[in-house]
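Below are the structure tokens for one structure; questions will follow.
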């Protein structure tokens, strides 16, 4: 019955919206070890690379996900005219601060940005890009925020360590030019 | 640019959950005739049959759709069932009422939701997200419901005190203009 | 000067005082570690004046920063005594947060420049039929925000008198009940003394007591005192 692990995993990857972790696949298949799963995933990836079709196997957010190849993006946009999830500059800044400083409370975010962030936090929560982790044990017990798996998937990150350090970003070139104020 | 119709169509079929008609593909690709599209679809179908993977090309409702092969349905159901991260909207509402108003009896939950909750309560009990604390000493001795340790784990909460209050969420303000116009 | 203000306006209204400051520092091409505080303060205040004259609503944060700038400016004017050379440059109060904010901005730009799902690459839209077997209605992700959002929507639909205040106190009592029930489910019974840890503060003791009272009211527990030992024991019903 399990001779066909590769096909089963392919079917699972097809129906799963979010990326599938190896642990998740392991529990669905009720397997004891991950070797077979890793082999199947790598075989699938090789196969997709060899046939160079419309999609490929992508490693993201600690798991695997089938994604369309970027070269067909233009056509997909013709097909689905939904407005992509645009994130404003202010929201992106807030998200960046949370990503790098998490777990973080609202007042610390606002301290860095110098402005109120309530509405933006709410939007980011609604979009599931951030989540409430709990409360900080300080007076007022403020809520603690952190990023989500969807955040990793949206920005194509394997995990949080995949984020470049702020030093690395600065080395990438001085992004700070006057035009973006 | 259009040399790769087959891959483009594959990417389109992959992205689109529902079936795509040939006319739709034709308009997305801005083609004049359907011959090329038909050829590509039949080539894709042959390919999928030859590799006998987790999915196949299904002709349905006057269109085409990539579907997982029925022999893997069992595993897909397993994936969905094991998926701890999804819950119906009705169940979430019921769970929210219990979380915030516990200990609570069924008739109070139903009074708030305005609909019968028997089935949902059973599901939540089965999933161990709620538990029966005892019976209320009023006529009919109704069961009293409360949340469980699993509930806390599911929402990544240390204890119930970590639940944000509605006041706190309201204080975040309205969904701000986090999107670009 | 009016030309310059006009130019500032072209670049858009600033989101906050930090944005404006960074703009001014870049526009004047000055070193962030050696900010000509008088110049920047002047331009900053002029911009605020301009916003006022244009009736642009701006947050109080802008005024707080104006006060900070003015304060730093006056500190800079004070003569520095030779024996106080260890004293911090007052401008550091500005430089540190500015650097941090600039880092956040760069990080945001980096994020925005990454390959974005739904923009550069796509995943499959899940066909409802794949899930039809579950027979459930709309399926949503589980998250704390979804939970409270569901509850908020319910609250909006019910009358005010049914609203329960969800203050932290009430939730704390619920929490205490949950803990006691956990203990009782494991042990069946528990002595009154065991409920109170030795290091419990007054607040916790009151909370536990309220929880016990509520549980008695709901007849979740029976409280029995031993005739000889005097030990009070709670039994789960």
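Each chain gets a letter, A, B and C, in the order it is written, and its residues are counted from 1.
Note that a residue touches a chain if its C-beta (ideal position, glycine included) is under 8 Å from a C-beta of that chain, and two chains touch if they have at least 3 such contacts.
Since we're looking at a predicted model, the values are computed, not measured.
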- Chain closest to the assembly centre - both centres taken as Cα means: A
- Item | Furthest chain, CA centroid comparison against chain C | B
- Query: Which integer distance in Å separates the CA centroid of chain A from that of chain C?
  - Reply: 22
- Query: Cα centroid separation between chain B and chain C, in whole Å?
  - Reply: 29
- Would you give the residues of chain B that are in contact with at least 2 other chains, written as numbers and ranges? 11, 14-16, 68, 76, 156-157, 161, 164, 169
- Which residues of chain C are in contact with two or more other chains? 122-127, 130-131, 141, 143-145, 149, 168
- Note on the structure: Per the touch rule, the chain A residues reaching chain C in their complex are 14-17, 58, 65-70, 73, 76, 80, 84-85, 87, 89-90, 92-93, 95-97, 99-100, 111-116, 125-126, 128, 131-132, 141, 148, 153-157, 163-164, 166, 169-170, 172, 175-178, 180-181
- Which of the residues in chain C come into contact with chain A in the complex? 11-12, 14-19, 22-23, 26-27, 59, 61, 65, 97, 100-112, 114-127, 130-131, 141, 143-145, 149, 168
- Query: For chain C, which residues count as touching chain B in their complex?
  - Reply: 122-128, 130-131, 133-134, 136-155, 158, 162, 164, 166-168, 171-172, 174-175, 177-179, 181-182, 214, 218-220, 236-237
- Within the complex, chain B is touched by chain A residues 6-16, 24, 27-29, 47, 51-55, 66, 68-69, 72, 75-76, 78-80, 86-91, 116, 118-126, 131-135, 141, 143
- Message: Which stretch or stretches of chain B touch chain A in the complex?
- Response: 6-16, 20, 24, 28-29, 47, 51-55, 66, 68-69, 72, 75-76, 78-79, 82, 156-158, 161-162, 164, 168-169, 171-180
